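Chain IDs A, B and C follow the sequence of writing; residue 1 opens each chain.
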């Protein structure tokens, strides 16, 4: 009787159980997605941009060489707006002065914090309200029954009305209602993204409600409310999280737009990129760089969020998973 | 056969899905008659196979039987308890005794749950096994029964192969100790060489645990292999029901004959010899089924009388039940098949397509 | 000379940060004019990728490498530039896909899609093209073809769509038709219609047909020659009858034994192949099927088995093939089997792979897949563990 040598047998056994060769513990979907994220160059570029941005926004203001409201250029007499004199970059002032003689570099760094704050808070407002409405509507639609359909229809008609208003118009009216301030900008930008989150979560939940594992849970005898919370909701969150990342980018741009229109913080003591951009337009003939700095900063930050968001979408897409 | 032998009895079951139109206000413009009057009974410890093509309502019947889709009319009694009239709390308790296995093992497992959590959920819901250790013991036994290793517990569904996933699905059903298992296309998503493993596992579990199965599949060979009794469905109704062996040797309904002759057999000698009945055209829309015998538009034996205007009921011929006016005459060869010209079946007025109808896309309802 | 001669075709996908995937790993087969050739295998065996590579339809992406040769009537299809390949495609070689809905353009009427082919390859225009298109639809059994021409793909049923697609494929009387799982998405009664149609078309026109499928039943009814694929290589080639009557490669044997047959009795246990299709041994390290094989011997691992040629164009890639029926297995042949099965048993005990050998009842199961020709030596499974 032939006996297969131990070594060869081991080899076959090893190859025959490919699955068992992997790590001891299972890899959850989130871990799996994170792994794929790390392999995606776009995600890395996005993450690096954002890391720098967040670092600057959080610790930067403690290390700026000049106060953001210090009109040093006027004091020293180098900035004379009347004569069209706003000096550019120098060794002391890396990005030069603005029209009030303030150090632009310091203002950019301090402005990063405001910009991040606006973006995050606005997105949070949108996410919280949108997810609440969408989640309730989605759960109600999934639970079925006449009441469920009624709740779903009512909520979604409300969202449709929000969606029917042009976003900028909505933001402008909110800002006009509350008076121009940073809070106004955050609420306005947040409200604009509410319908997006609500529709997304509801749609995603309805798709999940129709899936076989929900049917399986029902046939196990699990309560509807538990199914909605334990199965449907967690599985519907991925697109919402991706959308939140992408919304951060648009929120920053929209906040800048609102500030640019004069609906932002009227007090220019706290610099903000959008306001800086708005202020710079007066002097664009004398020194266009004043507009370019905040514009480029806004674009790069938004790009960072978009890159990361798109990469996350790819990583979380079940169709691309093998 | 005494009454206590029968575990499940379905009487005149109907499931109609409304077709809704309208932007603001839903208007019901018609009904898709997915299941339209089915009677059947399943005996304890046996396998009832339900076969038919897509859109015939077999999956809907399985779900309606388990009350996962609310039936429009009719009765389903499970071990003497009438399920259609049961309060939702009592129904949930009953669910422990009747479980389901799904076609696509990937989509029927929550991708964010690991195997342990998948198997624990049902036990927790019904308070089986007492504490954590008790549940662990039950889960471990179940894993052994379905042939999954222990290390599977901490893994997630996407880390398994198709066959293993289906074993997880079977384990989830089995862990509650059910009496009835409804298996909806349990092997059709699997590779050929894996199908046999799962079929054998189902067979073996039935032998060891005395389970009762309702197996729903489009593959007649699989259904015949696994079932004691086979029911053939066409457009929402049973056209023939017979013991598994008899169905093959003596198919009585013309549709059964056509179906049987269309299934390819992996044997050139058989393939070259056998008679082939090619049906003309496609399945009519269940939203607008033909009057009379539903098969008469495609039936090669259709007669000018009765077929087009009188809907045949299931009647007993020998050990079989068949819904055909002319079954005896066809069996004896008195009636000969004739050519039927294909009619294009256009997705009826409302644009519903036959193939899509069995899974209505109305939003939600995880009933 | 063969019409299509595929020689050592290989397709690899290399993606940065991931393991290189060898989807096709040295596939060779040939198709004679007017012949129906089957490529059979399970998911991941490379059958579809093979056809796409021959047609030059693989998505162009960095890391894709196609090797080997595919000689069609003297020209190597793999070396052609895009332009001449497009000319051959549709005119000399046509393809039918599994999903007819996604192969048809949803916003263009059927008629326009058919006439487009006629215009491009046969230079027909206007009324002549429309008339020919209607005739084509009629030929593939679409009733009332004149009206159908104006309709959109979603207005047709699945079977009719597949017929429309076949009409487009045969519009230019190609010499070779490649059908990739043409009936998998269809119901059995519709499948029977489509298979019958394909048979008629090739018989009537002398077109050669390459039939790609996972369904052994379809192969048994249609193909003249059958190639069984596993792990990206052809493991057995034979004419239809010999293959089903006396399969030699253990994988073919296993496949035949594991499908339930309509004409078999109830209650016989099936004889599945243990393990799953993921349990592959890379070909350079031995026989890819070895991890699942019940006839495995020592020599299966180490280097890939050579192709064994026997009479009548038959070949298999195995060093311990299933014995021919009627030949009493010698002790030499029997002992490796026993050794293999003892190993399989040991393996299932210590690896506890989930798809591991499902218990099988020995003797009577052996007859489950026995065709009329005689007892098929089914792989001997270990006793219930």
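We take it that a residue touches a chain if its C-beta (ideal position, glycine included) is under 8 Å from a C-beta of that chain, and two chains touch if they have at least 3 such contacts.
Please read all numbers here as calculations on a predicted model, not as lab measurements.
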{"item": "Between B-C and A-B, the pair joined by more C-beta contacts", "value": "B-C"}
{"item": "Centroid comparison with subunit C (C-alpha atoms), farthest chain", "value": "A"}
{"item": "Distance from subunit B to subunit A - Cα centre to Cα centre, in angstrom", "value": "47"}
{"item": "Whole-Å gap separating subunit B and subunit C, where each centre is the average of the chain's CA atoms", "value": "29"}
{"item": "Subunit A, residues touching no fewer than two other chains", "value": "19-20"}
{"item": "Shared interface positions of subunit C, touching two or more other chains", "value": "278, 353-354"}
{"item": "Sites on subunit B at which at least two other chains make contact", "value": "149, 160-161, 164"}
{"item": "Touch list for subunit B against partner subunit A, complex", "value": "63, 66, 68, 92-96, 98-100, 102-104, 107-112, 114-115, 121-122, 125-126, 149, 151, 154-156, 158-161, 164, 169, 172, 176, 361, 363-367"}
{"item": "Contact footprint of subunit B on subunit C as seen in their complex", "value": "42-43, 141-144, 148, 154-160, 187-193, 195-196, 214-221, 240-241, 244-245, 254-266, 268-274, 276-278, 352-356, 358-360, 369, 371-373"}
{"item": "Interface residues, subunit A side, partner subunit B - complex", "value": "19-20, 22, 24-29, 32, 141-145, 148, 152, 206, 209-224, 227, 231-232, 234-235, 318, 321"}
{"item": "Subunit B - residues contacting subunit C, complex", "value": "53-54, 147-150, 152, 160-164, 167, 191-197, 199-201, 203-204, 218, 220-222, 224-228, 244-245, 248, 258-272, 276, 278-279, 281-283, 341-347, 353-355"}
